[in-house]
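What follows is a set of structures to go through.
Each of the next two complexes has chain A plus one other chain: chain B in the first, chain C in the second.
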Partner chain A sequence: MIVRDIVEKLGLKVCSGENGLNREIEGGYTSDLLSDVMGNADENHVWVTLQTHKNIMAIASLKELAAIVLVKGYEPEADAAEQSNEEGIPILSSEEEAFELTGKLYEIINQAK
Partner chain B sequence: MRKYRADLHTHTVLSPCGDLEMSPVNIVQKARERGIDILGITDHNSTLHAPLIKELAVKEGMMVLMGAEVTTKEEVHCLCFFEDEEKLSEFQKYLDQHLPKMPNDENKFGYQVVVNEKEEIIDEVECLLISGLSQSIEEIERKVHDLEGLFIPAHINKMMNSIISQLGFLPPDLNVDALELSHHITKEEFLKKNKYLSKYNFIKSSDAHYIENIGNTWTNFFMEDLSFEEVRKALRAEEGRKIELEE
Partner chain C sequence: MEFKFTIEGGNFSKAGSASSEVKKILKQLNVNPKIIKRTVVSLYEAEVNVVAHAFEGNMNVDIDTDKIVVKIEDKGPGIPDIDQAMQEGYSTATPQVREMGFGAGMGLPNIKRNSDQMNITSKVDVGTEVEIINYLG
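On to the complex of A and B.
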């Protein structure tokens, strides 16, 4: 399962980092505390959050995450989008809330395993 | 240089979590008892009690830093201070503009009242003051510095509402005048785990919500006299001014 698959299946908007759409996804993590994500998300996870600050990209890069999905139609701050393009880690956006989106992601990632 | 004792983080009865005893008169009296020279008034997302406390404190020879503890969009708490009432009221307009219009339920969160020096209630704030503003930490920092204020991320070691809990680490390009640690940790313990913050200056404050806590934690300021500019220089360790923690 790659990032492009979840974009297509869940109708996500690609805000930035389009060159990373072929990154492999192996699981996911949902949290809005970046300190928590730093401690608990794993490599190749897709991360669901409402935080749009540029620090989300530093965490994603450090933890080698597959992609970030912003909920409720949020868009990344300009400097976050810029770093996402540079690093090739996509920032996606969904109109849904974290609860619904996480449920759907959980289902399609597990089905693909 | 003279040594001054500063407690820059206190809440009044205006903060929903501030005890009802936290009236301007009581706060000034307690701060005086505790030997505080510089008192910061930092209610959650509101500056409305600061001018009266300043007026009362000046009579006691104390300096008041008027400001607020602002909650950013990322839910990071930051202390913001302004030199005079004009800049403070400009900042209050900004807070009013960006605070979500969610009503306070006083049974759940507590009262949000403004009182006068006779402790009569003269106003009640309707919007819940502990919500996050719709502005990012960078936007708020820029607004504060545009108004020539001071910007200090609060209790950054805490695992709730601190820049480190919310954003993982301090963005290196964020323009801060100092950083605040809570009384739960020494600077040395904190820096062991956060070496990248060694170049910053740190304050500690009471974060008092109850009258007995006013002034029980403080920072020593070494500077020429009690003025806003001297405080700024001390926080930034400029021209021989400096701050030191009492640990």
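On to the complex of A and C.
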């Protein structure tokens, strides 16, 4: 399963980092607390959050996450989008809330395993 | 090998950049990925603490054949009660910092979990030094 697959299956908007759509996804983590993600998310995870500032990219880069998915139609701030393009870690956006989106991601990622 | 990075207090747009540099160096040295992951988590948390609480700080990295020793020292308010600060959920972060998703009181516990040894010394109104040691063996 790659990032492009979840974009297509869930109709996600690609806000930035399009060059990373072939990154492999092995799981996911949903949280808005940065230290929680830092301590518990893992490499190749998609991260579901409502945080849109640049620090989400610092975390995605340090943890080597597959992609970030913003909920409720949120868009990344300009400097976050810029770093996402530079590092090739996509920031995606969904109109759905975290609960629904996480449920769907969980299902399709586990089906692919 | 020794490296030194500066950390700017209050500048969240640069938070994580020192940790990111150290990660690159550890990768170049072919350090075990599991040890890199643990080290990166602990360094990021220590770096964010300087950004969120202090005026300025340094990250001093000493990589030896058997261990990585990192000292993060800052000029800042210091920690009056280190045992209290180590408790999961305890935080003195401002509301603005919490709104960004920081300040959940998980930083120091994260450092402890992701290091083989962690030492904190602090003087109120002077600053704090956090030493993180991870063994390579």
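By definition in this document, the second predicted complex is superposed on the first by the 113 of 113 C-alpha atoms of A that agree within 3 Å, B and C clash if a C-alpha of one lies under 4 Å from a C-alpha of the other, contacts with A are read in each partner's own complex, and residues count from 1 in each chain.
The rule is short, and it goes like this: contacts are C-beta pairs under 8 Å (C-beta built on N, C-alpha and C of every residue); 3 or more make two chains touch, one makes a residue touch a chain.
Just so you know, these numbers come straight off a predicted model, no measurement behind them.
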| item | value |
| --- | --- |
| Simultaneous placement of chain C and chain B on chain A, clash or fit | clash |
| Which superposed partner A:13 touches (first chain B, second chain C, both, neither) | neither |
| Touching partner for A:53 - first (chain B), second (chain C), both, neither | both |
| Partner chain(s) touched by A:34 [first = chain B, second = chain C, both, neither] | both |
| Partner, of chain C and chain B, that touches more residues belonging to chain A | C |
| Touching partner for A:61 - first (chain B), second (chain C), both, neither | second |
| Steric overlap of chain C with chain B in the superposed model, located at which of 24-32, 60-68 or 78-86 | 78-86 |
| Chain B and chain C contact sites that coincide on chain A, given as residue numbers | 32-36, 38, 51, 53-55, 58-59 |
| Complex contacts: residues of chain A adjacent to chain C | 32-36, 38-39, 43, 49, 51, 53-55, 58-59, 61-63, 79 |
| List of chain C residues in touch with chain A within their complex | 12-13, 15-17, 19-20, 23, 37, 40-41, 44-45, 48, 100-102, 104, 106-107, 110, 113-114 |
| Complex contact set, residues of chain B against chain A | 73-74, 136-137, 159, 164-169, 171 |
| Residues of chain A that touch chain B when the two form their complex | 32-38, 51-55, 58-59, 77 |
